[in-house]
Structure formats: structure tokens, C-alpha cells
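Naming follows writing order (A, B, C and D), and every chain is counted from residue 1.
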Amino acid sequence: MKNHKVHSGWRHKLHEIIYEADTPNGKIFDLTLIFLIVASVILVMLESVDEFDAKYHQTLYVLEWIITIFFTIEYIARIISIKKPLKYIFSFYGIIDLLSTIPLYLSYIFAGSQVLLAVRAFRLLRIFRILKLVKFIGEASQLSRALKASRTKIAVFIYVVLILSVIMGTIMYIIEGDEAGFTSIPRSIYWTIVTLTTVGYGDIAPQTNLGQFMATVIMILGYGIIAVPTGIVTSEINKEYRSGKPKIGDDNYVHVNTQACPSCAAEGHRDNAKYCYNCGHLL
Amino acid sequence: MKNHKVHSGWRHKLHEIIYEADTPNGKIFDLTLIFLIVASVILVMLESVDEFDAKYHQTLYVLEWIITIFFTIEYIARIISIKKPLKYIFSFYGIIDLLSTIPLYLSYIFAGSQVLLAVRAFRLLRIFRILKLVKFIGEASQLSRALKASRTKIAVFIYVVLILSVIMGTIMYIIEGDEAGFTSIPRSIYWTIVTLTTVGYGDIAPQTNLGQFMATVIMILGYGIIAVPTGIVTSEINKEYRSGKPKIGDDNYVHVNTQACPSCAAEGHRDNAKYCYNCGHLL
Amino acid sequence: MKNHKVHSGWRHKLHEIIYEADTPNGKIFDLTLIFLIVASVILVMLESVDEFDAKYHQTLYVLEWIITIFFTIEYIARIISIKKPLKYIFSFYGIIDLLSTIPLYLSYIFAGSQVLLAVRAFRLLRIFRILKLVKFIGEASQLSRALKASRTKIAVFIYVVLILSVIMGTIMYIIEGDEAGFTSIPRSIYWTIVTLTTVGYGDIAPQTNLGQFMATVIMILGYGIIAVPTGIVTSEINKEYRSGKPKIGDDNYVHVNTQACPSCAAEGHRDNAKYCYNCGHLL
Amino acid sequence: MKNHKVHSGWRHKLHEIIYEADTPNGKIFDLTLIFLIVASVILVMLESVDEFDAKYHQTLYVLEWIITIFFTIEYIARIISIKKPLKYIFSFYGIIDLLSTIPLYLSYIFAGSQVLLAVRAFRLLRIFRILKLVKFIGEASQLSRALKASRTKIAVFIYVVLILSVIMGTIMYIIEGDEAGFTSIPRSIYWTIVTLTTVGYGDIAPQTNLGQFMATVIMILGYGIIAVPTGIVTSEINKEYRSGKPKIGDDNYVHVNTQACPSCAAEGHRDNAKYCYNCGHLL
């Protein structure tokens, strides 16, 4: 792969290491990053387990700081090595990357805010890209396209389900009294949704005969209702299959590499591309 | 949009404000209405929360009355400003609108009847129409068409499931005794439906080995059974997609406005319509 | 409808009343039958409710006997009025009809055997036929054809799920001890199926960290597994739709009446049929 | 069926008995094997039931040893009678067969390791092959082909669901405190998956209003999410149906027998095959 030199020196090399995965250094960086992301998520989990935290508090604390400092350096390096840093900063990954570092710094001001580090879990989404899982990305985008197409239908559906839950919840509140756990309408609505979605905790359950009869009606309703989103999504995926969307092996499908535009960070350039398809910058 | 004057004066203006959303006044009225409907539903919920009601009883009471009086005036205005009021009164929305106001008045005669105000939640369905969500209405009608087409099949299915539940419930009543919670056949049937629909509260659960074995059979049955309504609805939605029903962008699809016929309140007239498609009245 | 006289006198008239629904007497008989079947099922249920039985024991007892005697007479009449009684006796409905009467007689020998009267619920299936619900029967047979076609696939599927449950149940039995409710392998398998089918009673729930982790794996597995029967049934219903099976409105669909062959009791003769399609007997 | 003699004498006969099912001896062997596999799985279950084990410990112990010795002999016979034993030893069934025997021997060294005998349940998968259930195998392979094709999509889906569960679990851990059972992030994640998959044990349930609201969001999310794997699998099965894969009755489908290659144990040779399709060895 030929890479036209845009800005010489360390900034360009940094860009190649961080944003691409075709050079040995890039690969090492990416694997380190995946390891640290996974480690950081596990760290946050372990800290919340009391018996574990009591024993290894010091170790966890040190590891937490090491990872945070690495993520901070990575974040700054990402900003420096790109030509249009604002595009990265306000992109989805840019925001996630920032949110993955600041909670620990904030924890000196607001105690306990380090639990917000859980937002790091979103960084796990990077794995798709890092591992050059073009196939996975293709499948994921096929899925998300189908979900996007059924968005409006599912919104209408959820809206109608919510109205139904309000009505049913109020009826159950009237039928069952406080002693069965239906202490207020919002709580009854909570119970209705627990039942409609077939979750059924059992923390609140109808006691009277009429209440149990109504519950039966809601359950059978929920049984039928669950068919609707499934039907919607299935039809969309079906359509997606039948439609002429590019798939691997098709003529109108070209192989893309992991190279990112040094100017706008756009990805998915075809192998022999010379200019960025997004901003026209020389690659 | 040209609007042929039918009955001059305030009644016509009222009709335009209440039934249409294309004039500035109509838009203000609609937004106020949405706000009040949502507010009224939240009010009824909050009243049922004991700790909240204890603190703010007076405020909730006053707000409740303000909204009810607004809804009453709106209801009367709707009747006055339409040429054929009976059509509105006995329409779905007409009945809902009436039921949204009277419970509070009735609460002076029958204590506690104000909880029936929950029927107001149905008014939330108006939001589709008010917000000119033509797209949403299109999707909703596509969904409801598919559901309508699968009505008979789902009825047959539910009927067979109910018969099965009666049989299974009786068998479980014979196997398990009173101590496991299977105190009567209706209660056993309730448990069977809780299990078949995979809700599974756990308030009643089999204790004997034979009972747990039967429960396993019912669960696996339910697992297979849940596939049936999903299959039905999915196939109908699939058919709906393949069929030549008008969709946005099709040639045989015209844009409709929110204008309502001043005579029969029919909606969905095409933009350049001069006469009502339903009663032939001049628009 | 012309009906060739086969055996003159009361036997033929009885046949017409009991097996057909086109004459006024036949209709009265059918409606009485539906009423009594529904009443008999409700009676059995009410008897099992202790507080209800304590109050109205005598009434329930008398009504039970009236219905049983009617059913007995009906059963004998069905045998007498048909030419080949053995065919009826060993048919699905013949066995159900017999089982709907004898438990009460047996209750004099074996106390408590009257609960077996629940088998009467199966008689409810007759409603489809009695009400001439040709449309419902059409839909039902379309459904059952699709289910029949997916029989083998679902059998394979359930078999594999059972093997998986045995494995998973044993693993959970090893991980969790007696104190969490996993007292034996069969009970652990019961819990596994409760979890796999997403019923989730909560009467048994893992307590250890490893057990909860395994439970998570089983749940996500169950989540994916539930897709399989749905996919099978949906595909079959889809195929059913696309295939050239006769549907109402098709040219190769003829209207059938409720007339039954006086010789072999076969049903579904076309309106102008002269001979039974099944045994060639004059209708 | 002609069978070219490859190695004369008892080894060949043994091969015919064990690996094939077309001779009377082969059939007897297969039926005995099925019976013993089922018996061995039931034995392991019964041993774990304390009250049963207390009574019949001696009988169970003896039966366990008889079956284990039979399985050991069978395992050795399988190795001896095949030309390339390594292929069998490292095949899926070879490993299962070994694991089905050794735990009992190991139980003299490591107490309690006999529960690992549950791995025998996997031997039940042999039933498909033993019973010559070509039809079942066809359906099973059709299913597994559809599942294989949707593998990547389901992997992407589960990965995204897990990330979501980590985020949601952490949020619930922050909202709800220790007293509601959300004692650590891993436990909160466990609860989130219990809710998302609509299992809903109820051992942990939100107590605060905000927690119950979040739970409602997760449930409705789970309701929509369950549609995705179903949609994927349904579409794949649909495609499988439409595609030109060989099906029974097709021209490009030939009948295969249960004969196994004496050299490499490959199965599924066509009726008139002379040479193994896999290794070219004379059959």
C-alpha cells in the first residue's frame, strides 16, 4: 500500500501507528489498546466487588491510574496526529474516548464519580474496527440498516404498548389493593410492563381472582404483542437480503483497507485509492 | 390551501382552530392540547402515589379541575363547531373525549371514581394526528392492516391455547396439592398461562417431582407455541411488503392535509380537494 | 339442500338433528350443546374452588348430573343414528365424548375421579364445527398444516435442547450446592429448562458467582435458541402462503356444508354432492 | 449391499457390527447401545437424588459399573476394528466415547468426579445416526446450515448485547444500592441479562422508583432486541428453503447407507459406492 506523505516527521508516523493497522507498529499499538480496554472494563467491575476491593484496593488503584494515563496520552496523540482534530473530538468515538478518561480525574472533586468509567465499555465497540473485522462490520451494518428501516414502525409499536400499559396498570391498581404490592399507578404500570414483556419477576403479583384473570388477559396480549417487533425486524432483514445491497463477492464490492485519511480521518478507502473520497485530500 | 366558507362567523373559525392544524391558531391549540393531555395523565399517576399526594394534595386537586374544565370546554366546542355533531359524539375519539371529563364530576357522587380518568391515556393516540405524523400514521396503518389480516388465525390460536391451558391446569391441580399454591382449578389455569407465556412469576411453583416434570413439558410446549403468533404476524407483514399497497413515493399516493370536513369531520382529504370524499360536502 | 332418504323414520331424523346444522332442529340442538359444554367446563372449575363448593355444593352436584345424563344420552344417540358406529366410537371426538361422561359414574367407585371431567374441555374444539366456522376451520387447517410440515424440525430441535439441558443441569448441580435449591440433577435440569425457556420462576436461583455466570450463558443461549422454532414455523407459514393451496375465493375451492355422511360420518361434502366422497354412500 | 472384504476375520466382522446397521447383528448391537446410553444417563440422574441413592446405592453402583465396562469394551472395539484408529480417537464422537468411561475410573482418585459422567448425554446424539434417521439428519443439517450462516450476525448481536448489559448493569448499580441486591457491578450485569432475556427470576428486583423506571426501559429494549436473533434465523431458514440445496426427492440427491469406511470411518456413502469418497479406500 502506497501512502503519499502529507505531513512528514513524527506526526505522520504517529498517525500511521494510531489510525492504521497495516504496519507492524500499528498492529502492536492496536493489540495493546484492545488489551487495555478489556482490562479497564474488568478493573471497574472488580472494584465494585466489596470483598475483592477490600483485599486488593491498592493494586486496583494503581492499575486504574496506569490505564487512565495511557488513555489520556492516546487521546492527546489522536488529536495531535490528525489534521482536523475537531472532527475527531466531536465524533462518536472521540466523545467516548474523552469520557473514558475524565471520570477518574473528576473523582478527586466528586467522590464516587469513577463508576462512570463504565462508559469505557463503549470503547469495546472499537474491537470490530481494530481487528480489521471487515466481515463483522459488514454484518453489523446490514443488521443496523434493517433496524434503522424498522425504526418508525417500532416507535409506533412501543408508543401504543406504553398507552396500553398505562390503561392496564390503572385498571390493576383499581382491582388490586395496596396489600398485593400495587401501591400506586406508576408501580402498577411497572408491573404491567414486567408482565407484558414476559419478564415476570414475581416481586408484585396479583392476589385476587379478578386480578389474576386480568393478569391472564395481559399475558396473552403480551404473547401476541411480542410477535409484532419480531415480524417487523424479520421482514426488514428479509428485504435486506433480497435487495441489491453490495455484498462480499459482488462486482460492485471493492476491498477497503484500514487506512484513515490524515486530514479528515475518514475510513474505508479502496485499496488503490489516491484521494480521500470524503474530503479529496491526498492519501 | 383554499377553504370554501360554509358557515360564516365564529363557528367556522372554531372549526378551523380545533379540527385543523394548518393555521397559526390551530397549531397553538394543538400544542396546548398535547401538553394538557400529557399533563393530565401524569397528574392521575401522581395522585395515586401516597407520599406525593399527602404533600401536594391541594395543588393536584386544583390542576385536575383546571384541566377537566378545559377538556369540558373543548368537548362542547367540538360539538358546536361541527355540522353533524352526532357523528363526532359516537365516534371513537368522541367517546374517549367524553370519558376523559365526566369521572371527576362523578367523583362527587361516587367517591374514588376519578381513577377512571386513566381513560385519558387513550387521548394520547391523538398525538399521531395532531403532529401531522403522516409517516407514523402510514406505518401504524400498515401494522394494523397486517394485524387485522392475521386476526382470525390469532383468534383460533388463542382459543386452542386456552383449551390446552384448561386441560393442563386441571392436570396440575390433580398432581400438586393445596400446599404448593394450586388451590383450585382456576388458579391452576392461571399458573399454566403464566408458565405457557414464559412470564413465570414464581408466586405459585410446582413442588413435587411429577409436577416439575409436567411444568417442564408445559414450558417446552410454550416455547414452541410462542413461535406460532410470531410466524403468523411475520408472514402477514411480509405479504404487506410484497403487495401493491400504496406507499409514500408511489404514483398512486397523494399528499393529504389535516383539514377536516366541516360537515362530517372526515379527515385525510387530498391537498386540492374541493368536496369531502365521504359526504360530498363543500370543503 | 336435497337429502336422499337412506334409513327412514326416527333414526334418520336423529342423524339430521345431531350431525347436521342446516335444519332448525339441528341448530337448536347445536346451540344447546355448545351451551352445555361451556357450562360443564365452568362447573368443574367452580367445584374445585373451596369457598364456592362449600356454599353451593348441592346445586353444583345436581347440575353436574343433569349435564352428564344429557351427554350420556347424546353419546348413545350418536351411536344409534349412524350406520357405522365403530367409526364414530374410535374417532377422536368419539373417545372424547365417552371420556366426558364416564368419570362421574366412576366417582362412585374411585373417589375424586370426577376431576377427570376436565377432559370435557376438548369438546370445546367442536365449537369450530358446530358454528359452521368454515373460515376458522380453513385458518386452523392452514396453521396445522404449517405446524405439521415443521414437525420433524421441531422434534430434532427439542431433542437437542433436551440433551443440552441435561448437560447444563449437571454442570449447575456441580457448581451450586444443595443450599441454592440445586438438590439433585433432575431438579437442576428442571431449573435449566425454566431458564432456557425464559420462564424464570425464581424458586431456584444460582447464588455463587460462577453459578450466576453459567446462568447468564444459559440465558443468552436460550435467547438465541428461541429464535429457532420461530424461524421454522415462520418459514413454513410463509411457504404455505406462497404455495397453491386452495383458499377461499380461489377457483378450485368449493363451498362445503355441515352435512355428515349417514354411513361413515365423514364431513365436508360440497353443496351439491350426492354421494359421500369417502365411502360412496348416498347422502 | 456388497461389501468388499478389506481385512478378513473377526476385525472385519466387528467393524460391520459396530459401525454399520444393515446386518441383523449390527441392528442388535445398535439397539443395545441406545438402551445402555439412555440407561446410563438416567442412572447418573438417579444417583444425585439423595432419597433414591440412600435406598438403592448398591444397585446403582453395580449397574454403573456394568455400563461403564460395556462402554470401555465398546471403545476398545471401535479402535481395534478400524484401520485408522487415530481418526476415530480424535473425532467428536471418539472424544465423547472416551469421556463417557473414564470419570468412573477417576472417581477412585478424585472423589465425586463421577458426576462428570453427565458427558454421556452427548452420546444421545448418536441416536440420530443409529436409528438410520436419514430424514432427521437431513432436517438437522438443514437447521445447522441455517444456524451456521447466521453465526457471524448472531456473534455481532451478542457482543453488542453484552456491551449494553455492562453499561446498563453499571447504571443500575449506581441507582440501586446494596439493599436491593445490586451488591456489585458483576451482579448488576447478571440482573440486567436476566431482565433483557425476559427470564426475570425476581431474586434481585429494583426497589427505588428510578430503578424501576430504568428496569422498564431495559425490558422494552429486551422486547425489541429479542426480535433480532429471530429475524436473523428466520431469514436464513427462508433462504435455505428458496435455495437449490439438495432435498429428498431432488434429482441431485442420492440415498446413502449407514456403512462406514473401514479405513477412515467416513459415513454417508451412496448405495452403490465402491470406494470411500473421503480416502479412496475400497469399501
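Simple rule for what comes next: a contact is a pair of C-beta atoms (placed from the backbone, for glycine too) under 8 Å apart; a residue touches a chain by one contact, two chains touch by 3 or more.
Every value quoted in this text rests on a predicted model; they were computed, and no experiment measured them.
Between subunit C and subunit D, two chains of identical sequence, the interface residue sets overlap only in part, with shared numbers making up under half of the total.
The chain with its CA mean position farthest from that of subunit A is C.
Chain pairs B-D and A-B differ in how many C-beta pairs they share in contact, with the greater number at A-B.
Spacing of subunit A relative to subunit B, judged by their CA centroids, is 33 angstrom. With centres defined as mean CA coordinates, subunit D is found 46 Å away from subunit B. Residue positions of subunit A touching 2 or more other chains, listed in rising order: 186, 189, 198-202, 226, 230, 232, 234, 238. Interface residues of subunit C facing subunit D in the complex, by the touch rule stated above, are 152-153, 155-157, 159-160, 163, 166-167, 170-171, 173-174, 183-186, 189, 195, 198-202, 205, 209, 212-213, 215-216, 219-220, 222-224, 226-228, 230-232, 234-235, 238-239. Listed in rising order, the residues of subunit B touching subunit A in the complex are 41, 44-45, 48-50, 115, 118-119, 121-122, 124-125, 128, 135-136, 139-140, 142-143, 146-147, 154, 158, 161, 186-187, 189-190, 193-194, 197-203, 226, 229-230, 232-234, 236-238, 241. Subunit C makes touch with subunit A in their complex at residues 198-202, 230, 234.
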